[in-house]
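Got a structure for you, written out below as structure tokens; questions coming shortly.
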Amino acid sequence: LEEGLIFEIGRMEVTGVDIAEPAPFRDRLGTQARTAPLDLPGLSEPEAMRHYVRLSRMNYGIDSGLFPLGSCTMKHNPRLNEKMARLPGFADIHPLQPQSTVKGALGLMAELSRYLLELTGMQAVALTPKAGAHGELCGMMAIKAAHAARGDGATRHVVLVPESAHGTNPATAALIGYQVRAIPARADGTVDPEAVKSALGPEVAALMLTNPNTCGLFERDVVAIAEAVHDAGAYFYSDGANFNAILGKVRIADLGVDAMHINLHKTFSTPHGGGGPGAGPVVLSDALAPFAPVPALVATADGLVLVEDEGADGTELALGRMSAFHGQMGMFVRALAWMLSHGADGMRQASEDAVLSANYIRACLMDLMSAPFAERPAMHEALFDDTWLAGTGLTTLDVAKALIDEGYHPMTVYFPLVVHGAMLIEPTESESKASLDLFIAALRDLAMAAKAGDKERFLGAPYYAPRRRLDETRAARAPVLRWTKPAPVADAAE
Amino acid sequence: LEEGLIFEIGRMEVTGVDIAEPAPFRDRLGTQARTAPLDLPGLSEPEAMRHYVRLSRMNYGIDSGLFPLGSCTMKHNPRLNEKMARLPGFADIHPLQPQSTVKGALGLMAELSRYLLELTGMQAVALTPKAGAHGELCGMMAIKAAHAARGDGATRHVVLVPESAHGTNPATAALIGYQVRAIPARADGTVDPEAVKSALGPEVAALMLTNPNTCGLFERDVVAIAEAVHDAGAYFYSDGANFNAILGKVRIADLGVDAMHINLHKTFSTPHGGGGPGAGPVVLSDALAPFAPVPALVATADGLVLVEDEGADGTELALGRMSAFHGQMGMFVRALAWMLSHGADGMRQASEDAVLSANYIRACLMDLMSAPFAERPAMHEALFDDTWLAGTGLTTLDVAKALIDEGYHPMTVYFPLVVHGAMLIEPTESESKASLDLFIAALRDLAMAAKAGDKERFLGAPYYAPRRRLDETRAARAPVLRWTKPAPVADAAE
Amino acid sequence: MRYLPLTPEDRAEMLARIGVACVDELFADIPADKRETALPHLALHKSELEVERALARLAGQNVPAGSVPFFVGAGAYRHHVPATVDHLIQRSEFLTSYTPYQPEIAQGTLQYLFEFQTQVAELTTMEVANASMYDGSTAAGEAVLMAHRVTKRRKAVLAGNLHPHYRATIETLSRYAADAVVALPPAPFGEEDLITPIDDTVSCVVVQSPDVFGNLVDLKPIAEAAHKAGALLVAVFTEAVALGLIEPPGAQGADIVVGEGQSIGNALNFGGPYVGLFATRQKFVRQMPGRLAGETVDAEGRRGFVLTLSTREQHIRREKATSNICTNSGLCALAFTIHMSLLGKTGLTRLARGNHAAACDLADRLAAVKGVSVINDSFFNEFTLRVPGSAADVVEKLAARGILGGVPYSRLAPRSGLDDLILVAATETTTEDDRAAYAAALKEVL
Amino acid sequence: MRYLPLTPEDRAEMLARIGVACVDELFADIPADKRETALPHLALHKSELEVERALARLAGQNVPAGSVPFFVGAGAYRHHVPATVDHLIQRSEFLTSYTPYQPEIAQGTLQYLFEFQTQVAELTTMEVANASMYDGSTAAGEAVLMAHRVTKRRKAVLAGNLHPHYRATIETLSRYAADAVVALPPAPFGEEDLITPIDDTVSCVVVQSPDVFGNLVDLKPIAEAAHKAGALLVAVFTEAVALGLIEPPGAQGADIVVGEGQSIGNALNFGGPYVGLFATRQKFVRQMPGRLAGETVDAEGRRGFVLTLSTREQHIRREKATSNICTNSGLCALAFTIHMSLLGKTGLTRLARGNHAAACDLADRLAAVKGVSVINDSFFNEFTLRVPGSAADVVEKLAARGILGGVPYSRLAPRSGLDDLILVAATETTTEDDRAAYAAALKEVL
């Protein structure tokens, strides 16, 4: 299973696209005609087809098998959604066509917004953010804008973030100048309202909290926490990464949330695509709604209008613009197709099945593997630590790599940071019981092998993948980030 | 790489399709409501996706690598053609809609016909045959009808077929009651006009000849053969399986052909699809044109009309109907897309490249492997026999299976029957020189290993495929042609 | 040319290696006076965009079924096919693979064919099925030939209510094979007597249910009569979805069951490609035409699948083969089996019930139009409408109003004298609005 | 529900294994008074057919670019994308895979990202590129932040002819990060003075070429001035195809190059998803945002690829990361790299020339309309038309005539006072007929 790079197999004079040379004409390039070399080899169409098909076969996807990646929610990607996103009425329209020619697109955005607001109970939604972290940025900007409008923007420079948070939370806060103050977890894996209270003060702008949290638990004191945050004059930002557990089970507005981003590519199954694209709409409370960015969708007597100008009526407080154009339309179509397909009943059922499956996995493995915080029901993820590996000489990473040889993608490892050697398993609602049982059997077999001292099975793993373990240190020490033409080989006679 | 059968992983109560139950209504099934059991398990959509993706990964296709299957012409399948065939204006029209609502479909059939007639120089084309063998049947029926119309149908009951012919040729002739008389090949691998002449007689209805023939050679005496056939009052049927070698290089009408089927799935790249669907339009000479089957496309003053009725004006001599409806429209679209894309220049170039590549392979291998008939240029296939394996204890089949381990689909083996242990290699025009060179290197390496006595590499091959060699005898001795519920396992206590 | 990887330099190097000066030397065996140097009436190569434009222009001159109220059946049916099906059949490893003669690297194809065979056998309640034929009509032709082989007789009796295209296909094949055919006249209005023509010279009687007019036929008495005379019952269907709701031929004594599989998993495609289903009893398996996938084990004892009983086939048996079929309908069979796996018993039953409900509703609405009657006592998703005057005219007038209202029987059988009958189908893809629009338009055009 | 494999029986067994009586016990940590029991305003689940109908109805209310003469650009461009591209990105193993954190089973993704990085670096003539950003505008924002990190200064100068959306995106980000921005006024009619604002407090100057009006900008003098002051040149482009024909920013001294990659391999999609390109000099690589694929070897010494330098990233570095970006544009980058591989130098150059030819032809035709002028001295495939009166009105009137004629600059910058300018793009997808129709319609509406 070896496949050369396109720079090795392609050739400068080959192209896989037939384009006629235009008739001679006077160019308008002025002084700017390209003189720099352009070393881009081409592939004929058959060569390109084979190259990418072969590359794809070195990958693992949801369609290959269970993808138990905690906190990342890799669920079934319906092909109906791909088909819908490709309708010319969605895929072949330009963001700057006259709005009179895109009424259906605006209608779709409005319907998506309605679904998101119904599911969260919130007041407004900003559709433009392009991924979860971009949504966090949008939400935190809204909070900063709200403080500024209120006049305490200068003094509130701290954001509280639990230790178990995703890395994007502190990174986002820091990006817009906030100082991050960590909140420790209590023994049961959730946030202690008292810890929040003691961390709050007039310098605190917001709390960022993931709920269900990254230990897979619902923050059962979330209402008290939200009250404390609000009492201290701060806002409550919720990280929506784990929204999949609670669709139709609780409305986050009822928990006191002021802003939450929603990863359409997690909860609503727009495909991860090897790292994106995602989409991160942000729902906002009454308090933050006026600060939503432009463009904003507004219902008028003449129908839906997309207000693109920050200076327009009704957008005086807008936080600004997150990016060019109006957001990830392709993802909106897919997400809405998913929601229409599931309906109110199916979405609740999906969350229930996701939670049920995670608890089932935990119940079936906790005699062999150590599950912290197991006194509480898990939500849609089952968390294990590496206590059970004590004395085996093996690490969480070894278990993950050995799981590859069993035909699975590894679970999320070493996250959350609050437990040692974390293994976070999220089966999602997309697995049959038979599939879960096979996965459980594979992990039980590995656990028994680990305890029986079969170190070789782990330390050399994976044995049956397109590659064995890769040397990451070498990659980082002297980074090779692009192909370069090999130096000519010296003549043998020299 | 194991995947259960749907009957093992599916369940009766599961379905991957949401269909609402209709409101109660009075049924009109009379006495015919189903009472028989219906043991068809269902799969949810995620399960189905995974099942078929996993199955697909046990297959080899053109997109996986070079597919050197002589006589089968496995070339690149452009995805443009798939896209075009799925336009609702082609895929979502019914064969029995009013003809006024399918003018574009008739236009497409007319344009396809025009291309086929230009490429062959023939007078008429019957589009309905559904595959090559079905086209042969159509062509031979036309010949039989012509003889009947001429009054010598009763006496002419023999069809001449060279020994090197495809199995479909004698099978087709026999299907409609002809007796098959074999013509031996001469030493150079082609048919001797003298042999044809001596086999001809008043009882002979037709000669069926593949040209270029299955040894990969152009029948250089074809004109003399055709004359002899015609002189004897018989017709000349040409098997178009190898048409790919001569597109734009010679018009078969100029060679005296009366009928030839064209495998759209070989020459014009409609995908083989694991065994079909194909399409086998038949071009006919002046002499046979009146006997073409219905439906027939006719240009009238009011535009194109599809004459579906054998009794209609102008179809009095029609041979009848080959099948329901009008032929393989999906394949017509793909084939025309291929022809438009290549154009006159590209089609000629494609044939030249196919022939060039086959000769290149032969030139690069004939020092190690034995190539019969190599005094003549090959057409688009390079033929080898097993002389070079003498003394190695290995067979052609062993070489084929060892080639799997090199990452290739085997070549066609043991066909044509006229050389011993035949290996027929057809690279097509879709391979780059680099790809050809790698393939040649792999075969050279195998040839040297065979001669060096490394029998194990061959006899156990394939080692690196989803399955090792399969027991075909067992399959045929007590055929298991469907899944059946396993008998309940006897209780362990018994 | 985007599809041709060789460059002029490559070609020059290859010619040099072969030892010829130019490519035309490789075509030296073509008689010099016959060689062609150009294709003057064909255009030069086109870009993708140009090809798309040319073909889209043609496609745009057709009226797609999905764009109008649509009620055309008569052997091809419009159903909703899940997006998953079309996605999966386009997987490179399915789409671009060959007939699975090399089983070690074709287990994907072989396993789905084995699954397909099982599904077809189960759906028809027969013992075995093959790995597909071209379509229903050619499968019917093959069934008659097979019955001749089994019974060693050469005369087939065809029901009058067999789809006229199927009848013509069988007749054509039989005529050239010099076999006898007794084709009964169509009998839309009452039960047909299929018993009387059966005698001990008859190899088989070919009956369709639902028949071309949509009637459901009780096959049991016909099977009994056939068997008594040593003949076989060949049962035909053109709408596979019907078998989710009606008694399957296998439960009524059929010996060979053939049908069109298009309506599960496959688009209308203006008539092709489709997929022929072919099932029979275990004891006849060596007389079957077409490919068969069978279970076996590999050198390591693992379950695997191969093409088997190939001594029936033309590439082994040549003129002694059971059929000349080679390329068949692999990819369409894949679409069928994927759709069927998604449906399962539960989905298929619901789908069939939804179809039947839609057809019953439509029949009621149309029968309420003055001057019009539904001639059927029973039907599944298609029935026959009797209209005053010319059915062909009515259908054309409906089309002019944007409604594709069915098939005039006279189009299928021009000289039958049955010029006032329209075959009308309603599937789950019709809406209540569509059906109401049909009734309203029908009232207008009469 | 077709997407949910568990049956009621499965659920009961699983609950029993867990040891709870009903699924709601698993939600016990949700405060009882906050639990929701239904979603009363949302419909129940729908079949595929119903979902298709609902979405097709919405899609049908839009005017697709392909259905009319189409000349809209201003940051997103309509090109013909080969069918191969969309087929390949839908391969399950690409579409449904995750960020390649497990390199042993993600070599497909990692290798194409490495190839993508190389292509972007080559196209821009820079040394290194990352594995994609969300889009061009957010990449521009990240570029400014990176320039601040590199220079340890916090003030950016933005050219007046930067796309107003890009400017707004940078301004928003800078405002919340408390960084200074000097945004110059738009200068459509003459050369802009970008030298004077540069002093030793400036971290970078951000210049777009072709600029928002379509003008090609000589970056060399600006780069020189910036470097002299210790600042960086951030070069922006919104039309990647232009780089096939115009001098790349890397050859003119740019330190960071960011651009929109949509126009290669990706559809218009009403604005997203797109793919941001980001390239810089090797020496700045540790200050780059986003993912990087790097070459290494595996335990058996075989070449392989991994994500590397991840200590720049949020999941490792948290609040000290170079950016908060996580999910980016993997699949859009794949579409870009496949299309680019098909094009190669030869195809890209021809494509770019075809675009330029179409735009030159259109400019000539429109400039011939009375009262209209083309303001550009130079351009690639987009130029600016000056019309009498309101550009917005003209564009609306053209739309009413079925021609999507471009973007009024006033829509992008409502208070700029530049209300008579239309940005007009012509790509290879326009035909001569389209361009003639535009000129004719323009004459009519003025």
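In this document, chain identifiers A, B, C and D correspond to the written order of the chains, with residue numbering beginning at 1 in each.
Here is the rule we use: contacts are C-beta pairs under 8 Å (C-beta built on N, C-alpha and C of every residue); 3 or more make two chains touch, one makes a residue touch a chain.
The structure presented is a predicted model; accordingly, all values stated were derived computationally and were not measured.
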item: Other chains in touch with both subunit B and subunit C; value: A, D
item: Between A-D and B-D, the pair with more C-beta contacts; value: A-D
item: Whole-Å gap between the CA centroids of subunit A and subunit B; value: 48
item: Centroid spacing, where centroids are CA-atom means, of subunit A and subunit D in whole angstrom; value: 19
item: Multi-partner residues of subunit A (each touching 2 or more other chains); value: 11, 13-20, 44-47, 49, 53, 57, 62-64, 76, 78-80, 82-83, 341, 430-432, 435
item: For subunit C, residues contacting two or more additional chains; value: 1-5, 45-48, 52, 82-84, 86-87, 90-92, 342, 428
item: Subunit C - residues contacting subunit D, complex; value: 2, 47-49, 52, 80, 82-83, 87, 90-92, 342, 428-429
item: Contact footprint of subunit B on subunit D as seen in their complex; value: 1-5, 7, 45-48, 82-84, 86-87, 92
item: Subunit D-facing residues of subunit B, complex; value: 11, 13-20, 44-47, 49, 53, 78-80, 82-83
item: Subunit B-touching residues of subunit A, taken from the complex the two chains share; value: 9, 18, 44-47, 49-50, 53-54, 57, 62-65, 76, 78-79, 341, 430-432, 434-435
